[in-house]
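One structure, pasted below without further comment.
The letters A, B and C name the chains in turn, as written, and every chain counts its residues from 1.
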Amino acid sequence: MAIQNPPPPAWDSPEVSAQHEKMRAKGARGRIGTYVLAIGIALWIILPIFFLFSMAFTTQETVRSYPKNILPLVPFSTDTMQFFLQSDGVAEGLVNSIIVAVITLVLSTVIAAPAGYALSRFFFRGRDLFRLSILAVRAFPIVVLSIPLAVLFLRAGLFDSIFSLALMHTALALPTTILVVASVFASVPYELEEAGQVFGASPLRAFRYIVLPLVAPGIAASSVFTFVLSWNEVFAASVLTLENRTLPALVLTQLSQSSDAYQFAGGFFLMVPSLIFMFFIRKYLFNMWGQVSK
Amino acid sequence: MSEIRIEHVSKSFNGQYAVQDANLTIADGEFLVLLGPSGCGKTTLLRTVAGLGMADSGRISIDGRDVTYLKPGERKISMVFQSYAIFPHMTVRDNIGFGLKMNNVPASEIQANVAEAAELLHIENLLDRRPSDMSGGQRQRVAVARALAMKAEVLLMDEPLSNLDALLRLEMRAELKRLLADVNATTIYVTHDQIEALSMGDRIAVMKDGEIQQVDGPSTVYDHPSNQFVGSFIGNPPMNFLTGTVSAANGSVSVAVGPDQITPAAALAPALKAFDQKPVTIGIRAESMEALSSPVPGAIKVSVVVVEPLGPQNLLTVGLGDQRLKVSTHPSFPVAAGDDLWLQFPSDQIRWIDPKTEQVLS
Amino acid sequence: MTAPSKPQTDVESAPTAVAPPPSWRRKATPYLLIAPALIYLAAFFAYPMVQGLILAVYDDEALLPLIAEPDITSAQTGKIPQGTAITILARQGNLLTEELSSDLLIEVWFQVEVAQADGSAVTGWTPESRVRIREESAEGDPLAGTIRTKLSSTADPLTDIYSEPNERSDVLAQVEPRSAARIVQTAELEVWFQVRAEDGTEGWTPSRFVQVFGDEETGRVDRGTAGEFTTRFIEKMREDRFFGSAWRTTLLLMALILPLQFILAIIMALVIHARLKFSSLFLYVFSVPMGMSDLAVGILFFSIFTGNGLLNSVLDGLGIIDSPQAFLTAESRNWIIFAIVLAEIWRATSIVMVIVVSGLQAIPDETLEAAELFGATYWQKVRHIMLPLLKPSLQVALILRTILAFQVFAVVIALGGGDVVTVLANETFRQYFALRNTNVASAYAVFILLLSIGSAVFYLRAVRTQAEMAAS
């Protein structure tokens, strides 16, 4: 004898809705946990930056005080930052840093762009070897390169010059730039270029009007990253320059004999390009580092 | 008993309905095909059943159990993915046994199930290989074996044959049909290929723009589409649609197509009366018309535009005023482009369609 | 239908219109495109790298060759090592061929035209010390003077006039003191020494290679001109009092940082991969430290751990401590290491995360959905599907991070000053910058390089053998 089950409640009955609410809430809880985790990690990164920011924009007295106010930016003042920017050598260091970074950016982009294009568009003998050696070069330690380069520059009479530092930074940035440019070009199908040529554009014009607009953002992102890399570089800058210090090299050598105010404001100032630029290039990060594992 | 009941299920993405108020009951052991053009919501609907995308509203129950918002792993279902989704780092054996392992099935039972599934799909010799060095067809078999090894009573298939080349697809279609008849699982099979749908499904649910248009057996869907879309989507060539004008006078109803007249079946005359002096759409399949080389009363005169010999039949494109029709004829029927032709429309083969609602009149 | 006559001309022009570019040009194009990069990397990467290797094991001033006569063309009598004590046997001036500095002893000789006692004039060379200058040009060049009187009573009162600016050349004449002399030209001579080394080797050498002691009769070899392979710099590095501490600390930091860093990076990547709302914002925040220098991050954590920094302020505010704790002093080495570990995790986890996220993006959605559908819990999905498929990405990240970990530098200086806690990169810098010892600095650099290559090879092999074992 089959026992007749009671008919299930209608799909839109309140009890079904209530049960659905419960089940959905259960699913949402996992989601909330992920958000809490995400916010927690974000705070771990943001809070120290914010603290340093608050120290860079307050009075020097506050920087010296103890215990510090847990509420930051009280009082707000540009005093600390002004003190740092007006310290000996900072203005020159800033100018040097910018010059070095800009030369590095231009030089590495100009040299890397054709190589990246060749890597993504041509199959030629030695292509894999070229690619592999670039990967290897990128992983090489800066420390190892700096000392002999300093010696060579010294012999060539190029020592303590921001231009030789830019040459060194270009050598450091070049492998990454080549790989990024190659991956950016690879993301634009060659058929597009061919289509342009089929419709009568010369190869150069096809490149100029079809490929360039598509790759420009990616290449700009890699240039920005090169700028940041050069701006941040401390070791080679300290080894290769003496009088013509870049900003990080200057701050490094001043560390032991400078006040907290100088260090905090300097530290924050060095972070500013990253805070600004990472916002614009965050989507390209995977372009830059993703393809290393392929 | 594993009946799947889909009630009033809706799901939208960014305010756009992907599935709207879908209602469908799939009987235990039934093979239901969800058919529709790409973007019609068939995959979305399947995913709400799988739990890979949760419905916004409505209820889905399997075997009387409300699973609407359960995780996929808790639904006691199995699935074959479009891209096969074989785990590339595992051997075929581990792939097939994965679901059982995750469900804490004892090792001996896993082994038995894996062996059985592999035998069904004829891939015993592949068990210790990795997917990376296997062909598309072999991966497909692994994907099906993995789904069958679960012994779930509900089997979902998301365009499982779409990544195979044409010849292999034909072969796998027949084999899948045989297999699924054996395992007797309740199956939802998503495809955009109407021939696959017609040849495999116990019933076909045709979807368009997130809404289910018709759910019926293959021959019903083919012969009696519920609306113009179903007629146009199913069949190759699709159903012909002509515009005619109804005239109802003293009890008799006739429809003027160009200079000629068609008399509808008596049963439909009352419905057509409402369209007196208004246009109506005539739907008829290419093979339902009889082509004659000389005029016959009641036949409609057309002129041949293109003749396409297809082997078993010739497909003619004919012109009727500025309307175009596809007509299939026997290869022995002598015809050339430019000829005049007379078509007979058997009244029981004509579907009358309201041009406003595009619904077939009944 | 007959074809119009027009195509005739087309046929003629066709070959030029469709002629492909010469094949050598097509083949050369990619090489031309990569040439600038290759040349640049060869000049500023490969060449210095080789030089660096050489600097560490080759002393190019190790030996000083001695020659038989004070004449560059004469035969070599032997080589004596740098630092050898020597006795100076004789000295002589030789014409200076090039401008050189450091330790160079110079003599100046004049070519003079002197009136002899018999009234005739003689032209020849005599040392500057024999002429008292009476007349100079506007530029200060000597023009005329008189021969000096010799003060020593035993000496010959006459002054020799030589045929060449060289005491070994012929004496043309001997002139009386106070004879008028017109200075024809001036020559600068480098003093050469005839020396005898401790081991008895004798020979001549220019003064620039010799450091002469106060007694002017003894000295030592300052530097040589011939090179020699040596392990001296490597030994010096190994004997350096900071060496042991530096590499141990570097490895300790690595062992502390890498595991935590990879766990955190994988968690961060899974959070990004979960496609939350504001995912793009989270990605920005998570990746910001990637663009920061280790110096800035060092300062950042200094501001937290320093005596009157954030940590002490917070602890004080919570009432946990009464007076500020000294975290970053010589007595709190472990705290410094703790701060460095935190700073490095804070700074360098982003890059690992980015690599892992790229790896996750390469896993098709359906693969993960299949795992879910077949009943895998989230943890099982991570454990059985994601992590195995991430292996290549993790391997790359591990190699990259390990190599970068050998270069930790500015963080260490910012947080610990570089003495209490020191690392290999810091010692390289110290050797080069503070101690001016380029060769030992290079030895450190080569040591770092070898460690980097070694660890990369180790990781590659470890993963490969795993794959091979799994395959067999």
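A few comments on the model shown:
Criterion: a contact is a pair of C-beta atoms (placed from the backbone, for glycine too) under 8 Å apart; a residue touches a chain by one contact, two chains touch by 3 or more.
All figures in this text were calculated on a predicted structure; none of them were measured in a lab.
By count of C-beta pairs in contact, A-C exceeds the other of the chain pairs A-C and B-C. Closest chain to the protein centre (all Cα atoms averaged), using per-chain Cα means: A.
With centres set at the average Cα position, the gap from chain A to chain B is 51 Å.
Computed from the mean C-alpha positions, the centre of chain A lies at a distance of 27 Å from the centre of chain C. Distance between chain centres (mean CA atoms), chain B to chain C: 73 Å. Each of residues 71 in chain B touches at least two other chains. By the touch criterion stated above, chain C contacts chain B in their complex at residues 364, 366-367, 369-377, 380, 384-385, 388-389, 391, 471. In the complex of the two chains, the chain A residues touching chain B come out as 5, 8, 11-12, 16, 19-20, 23-24, 26-27.
Listed in rising order, the residues of chain C touching chain A in the complex are 27, 29-34, 36-38, 40-41, 44-45, 47-49, 51-52, 55, 264, 267-268, 271, 274, 276, 280, 282-296, 298-304, 306-310, 312-314, 316-317, 324, 346, 351, 354-355, 357-359, 361-362, 378, 392-393, 395-396, 399-400, 403, 406-407, 409-410, 413-414, 417, 424-425, 428-429, 432-433, 438, 441-442, 445-446, 448-449, 452, 456. Chain contact summary for the complex, chain B toward chain A: residues 7-8, 54, 58-59, 61, 64, 66, 68-71.
On the side of chain B, the complex with chain C involves touching residues 50-52, 71-74, 77-79, 81-83, 85-90, 98-99, 102-103, 130, 146, 150.
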